[in-house]
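If you scroll down you'll find the structure; I have some questions about it.
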Amino acid sequence: MTWTLHPDRALPAEPGLRAIARGILDATEHLPIVSMHGHVDARLLADDLPFTDPASLLVTPDHYLVRMLVSQSTSPGAIRDAGVRSNGSLGVGGANARGDDLPEGDPREIWRRFCAGWPAFRGTPTRFWLEHVLAEVFEAPVPPSLETSDLLYDHVSERLTSAEYRPRALFERFGIERLATTDAASDPLTAHARLADDGWGDRVIPTFRPDDLLEAGRGGWRDRLAELSDASGVDAFGYDGFLAAMRARRDAFVRAGARATDHGHLSADTTRLADADARRLFDLALRGDLGPGDGEALTAHLLFEQAAMSADDGLTMQLHPGVLRSHDRGLAARFGSDLGFDIPVRTEFTRALRPLLEAFGHRDGFRLIVFTVDETTYSRELAPLAGAYPAMRLGAPWWFLDAPDAIRRFREATVETAGLRNTSGFVDDTRAFCSIPARHDLARRADASYLARLVAEHRLGLDEAIDTAIDLAVRLARESYPVPVGAPLTRDSLTPAVAR
Amino acid sequence: MTWTLHPDRALPAEPGLRAIARGILDATEHLPIVSMHGHVDARLLADDLPFTDPASLLVTPDHYLVRMLVSQSTSPGAIRDAGVRSNGSLGVGGANARGDDLPEGDPREIWRRFCAGWPAFRGTPTRFWLEHVLAEVFEAPVPPSLETSDLLYDHVSERLTSAEYRPRALFERFGIERLATTDAASDPLTAHARLADDGWGDRVIPTFRPDDLLEAGRGGWRDRLAELSDASGVDAFGYDGFLAAMRARRDAFVRAGARATDHGHLSADTTRLADADARRLFDLALRGDLGPGDGEALTAHLLFEQAAMSADDGLTMQLHPGVLRSHDRGLAARFGSDLGFDIPVRTEFTRALRPLLEAFGHRDGFRLIVFTVDETTYSRELAPLAGAYPAMRLGAPWWFLDAPDAIRRFREATVETAGLRNTSGFVDDTRAFCSIPARHDLARRADASYLARLVAEHRLGLDEAIDTAIDLAVRLARESYPVPVGAPLTRDSLTPAVAR
Amino acid sequence: MTWTLHPDRALPAEPGLRAIARGILDATEHLPIVSMHGHVDARLLADDLPFTDPASLLVTPDHYLVRMLVSQSTSPGAIRDAGVRSNGSLGVGGANARGDDLPEGDPREIWRRFCAGWPAFRGTPTRFWLEHVLAEVFEAPVPPSLETSDLLYDHVSERLTSAEYRPRALFERFGIERLATTDAASDPLTAHARLADDGWGDRVIPTFRPDDLLEAGRGGWRDRLAELSDASGVDAFGYDGFLAAMRARRDAFVRAGARATDHGHLSADTTRLADADARRLFDLALRGDLGPGDGEALTAHLLFEQAAMSADDGLTMQLHPGVLRSHDRGLAARFGSDLGFDIPVRTEFTRALRPLLEAFGHRDGFRLIVFTVDETTYSRELAPLAGAYPAMRLGAPWWFLDAPDAIRRFREATVETAGLRNTSGFVDDTRAFCSIPARHDLARRADASYLARLVAEHRLGLDEAIDTAIDLAVRLARESYPVPVGAPLTRDSLTPAVAR
């Protein structure tokens, strides 16, 4: 019994276009994976332990998958029976916000629910990725369904006992050149240190994410300051100390191999405050006395200051605003975050980024990558900005938008204004380790399809299209996340040459 | 002389795709029509009288058609001669806002103007629907043009004298399984009662639309309260009485077969007020003393209360915000509403629906369907919400957006995030009775085309595509508008099995 | 050595669609060019001097080209070396904002930089246009590259010495029927007068652009008033005088052959003020005492007054709001405007245009054309408005949006609601004279491609598609910009008949 995916899946249906796309894909399909923005836990690769079971490997850490199953509970009220309760039983959320552990469900039962819910994923990238993971990575004999659930569970479980399916073995098999994790600013980076001890320090690198520390208006900020003080050895309970502690942590990340920072606030505002105003608001925040709008103003200012630090230390700055986290606060309070209930809101960039770009948009060594989940900004704001400022690159379509039709829309809406070289290269942004090759594969298929149309319409030569496809697959990701100026020389590894 | 439409119209041009699409369409083309949201007047089917003439059947009740003819007056100033006056002569508006009757034009002359204006509809769905109505329903021998106007007028007129062209005969011929009308909250539902007497009560059902009653800041609100008091037998001139009267009317609708409510306010805001604030604003509204913003706040609160009632009585809640009614107030004052001058505005859903979804988004038995005419919310807000909350379904593309290219955009922008089963099924939303089959036909063609591409790109199996097409054509509409919990058992008719 | 462009470039790849598109394009490819909105300097044609060199002809006046080269400086900090400095050396900006001349670079070196940067334009319309200009207009033997730079420079330079490459000769060769320039309200129109003396007055016509005069809150407004007073002979330093001076200048433009006005403010707001309020704000503006929001309110009112004047004198009113000029103010201060750093912002039309459309939307002889660079308004606001009001037409996709994929999106998002005849016809909007035929050619290819799909999907007959293509290529542009009512009879030239 075998289950084989079509080699030309996600390429255009029209035979002429498909032949061209196939030719382009031939040049990128087997290139290494440069994964510069993701959410895999570094401990996974530091420990390199076998995965325990199919459910905790493939189902529970994937919020795309959880939310779809929740949304499709057979009756709307079954949220407790098939949804939120199964979030518990699915293992999502782990320890909840109140600190008590949720009971872990039986992984075979969780797997059965996932297989039964398979039809709900028709037309989604989740379906496409999971097909890749199951058929290509695990050589599963059949697609998921209620009937095949146990068969698949046993099949995948058996593979997981093999040394070939340990994390580092998969990392090698996937052809991953470099994998960036995402780490809190005060994270001690011990897993990365262990990886470095094993000679993996330049293959698995941290990314500096200080969101909580920049949102002084949110609960728990003082706890975050305490952690920052501890981690940095600098008292962060004062404006100057805070900035110094930030610089110290950024420096620690640079020394640990980081190439970038990552910032996900609700707004993209980067309005700089006058120094006295910034100090005043910071002091108000320390006293818990921020007035209406003060928190947002301070966040915007501190984001500007992060840009200033990037201009100094060379960490590529990644911005991805515009998501309202934990839309259902009751659900979040009971089961934690990352359940798929983070919902985008309208986002503004032209005015919001002006202070930052006026200050650093032409600065040598400063690099800003902007991601969005608001497609309306593609042709109106982001492509015009990226097509003008040298420091800015347009981030790949991601999160809700790293799917075949969405990637096509991204290219069609941005290339005509910003070209192809003002973009960052693909990022997979995933915490589902086994789906990394699937996601890069899909992106390369989507880009090959887009470029094939340009060729077929005589808007681009085939040689140019192939060269561009290699840019998009690997070169732009390498260029967009260079080794920071202050990094130790030993970190400055040579970038492997592209095969062709 | 015959005029035959191409059987594969609106299917993809590429031969391989078309063959697949044709195969999918074969499975849905002859399925019954489930029309759960529309604006046909129930009296039409209760009376079952012959239609009088082609103009009043096909031209004057269709605001798509009227606005296009108005927009294309040969000189801009001809609005009085060919536009607004012909709105009068076209019969649109009927009695105007000042209460005096507009002169009815000569229907043959109206028909001539429509035929002369036929080229203006190139590329529009109106053209597609009218071709279907004329060629398929009326077996017209030729397309409209100034030259064929009289020939067509006589042809259609002759058909209208036949018993086969009476409303109920057409209803049967169209294969309509169930037709929902839209009715004011205080409507006595006498036409529906007459239909029930004739055994048609479950085939033509009312929909509860209380918009005027929820907009306390608008003129005429006290008149609406008086009507509500009369209709419900409950004094609605007080907050508690108002809610009780609403519940009573909802109950009457449920008993008359209703499956849903319908809400079309400018904003989607559902912010609940504290009880004391709600009472205070309601009292201010009664005294005509609402301050700035008070009317909107009260509307949002009352909309939340409607959701609470739906959570109780099981009526599916339909929301379609974001349209500025009667954009040209002078025109509306002279000729009434529904002239095609209702213009969309930017709409926000993520924050606006949060109160409602946090309260009822996981509630068993509560079902919310959200429609939009702001496409920018598809991938950014509505698909993420519908792809997470079990209670929410994404309404079909409608109004300005139920056209081939717009339907494609809807699927491409929503399926990758929300899948296909978090949608409501197609609704035709029309007051043009004869166009109902044309609109469902076009939607099925558009969906077959979309699904065919997924198949051709190896993103979906053909069997899955056919199964999904049947979902979209009939099953989802049946599921999304179930029989309310409180409905009399006799209403709970069996849903006919799908043919295949 | 020859470089030949594919005759079917930018037509659909699928063979069936391409054949239909080719058939449609056959009917429009050689029609005259009606260029009713652009930025070519009238002096170019009045002087009719030979162009000096390839760089100042093709590179430096084209902000699309400059911004892309700037955005792609090999290191971000090379803005001074390869970017802004090369703006200077590229000759962009000419005299800067501080009034001193920038050194002109060596044109051969500028050309070399452009040729080296050629790969950055992959997928952009700039690439498509330049290929047309180089291969078709200049019969260049090879595409640009670092290696071919000198060869191309010499080839183009040699052509420029020929009489066939003088501006008027190219104008004839391009088949331009009429070319509208854009001119400040106080411009003496001397170049147009010289053109009229040569019998070219009806071929090259001015357009009235009073932006600076309507923005009373901006610096330099009093200087603009002084210029207006001088040009009109009416003291504009008072509300009544200002309006009278405006009317006088509009009249001068009408007498010089103008067909239209052009308005590009940040907002589309057209809210009329009460007369007393307008006078009060105007007086405050004269004293430099405008409060917050006053400037915007006065601009909106004065824009409404421009509409009122158009309703009187018959100049077609063109509106294109929504662009934040000179996003990088530091760059603008050093090197001037039009560097490609004008960035769009979200724009609102439904409410903003209501006052204007309620007042004049049905007025005989009034014509409003609305352009946008915010695609989100296509299906939501602009198509519904243009599909209802007789006075309003939807402007062609332009600026960032006059590219193959963007034009397709424009048609797909607007035609289903507004049809094809509620649009303005294509405008090239360019200051790059030699690219005019390339831009119209590309638009005709894009429209042929769109129409071919309608034909192939049996949504339109081939004869209708061809007729519509001719509408879009020439007829709608002629109709949308008619001779104003007050124009001298001698200006009222006959419009040449379309070839077929």
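Assorted remarks:
To keep things simple, chains are lettered A, B and C as they appear, and every chain counts its residues starting from 1.
Everything below uses one rule, namely that a residue touches a chain if its C-beta (ideal position, glycine included) is under 8 Å from a C-beta of that chain, and two chains touch if they have at least 3 such contacts.
Keep in mind that this is a model prediction, so the values were computed, not measured.
Any chain touching chain A that also touches chain C appears here: B. The pairing of chain A with chain B is characterised as different-residue: of all residue numbers used at this interface, under half are used by both copies.
Simply put, chain B must spin 120° to overlay its Cα atoms on chain C, rounded in steps of 5. Work out the mean CA point of chain A and of chain B, and you get 40 Å between them. Of all residues in chain C, those touching 2 or more other chains are 14, 376, listed in ascending order. Those residues of chain B that touch chain A in the complex are listed here as 14, 16-17, 348, 350-351, 354, 357-358, 361-367, 376, 379-381, 383-392, 411-413, 415-422, 453-454, 456-460, 464, 467-468. The part of chain C that touches chain A in the complex is made up of residues 5-6, 8-15, 67-68, 70-73, 75-79, 83-84, 119-125, 127-128, 324, 327-331, 339-341, 343-346, 373-376, 400-401, 403-406, 409.
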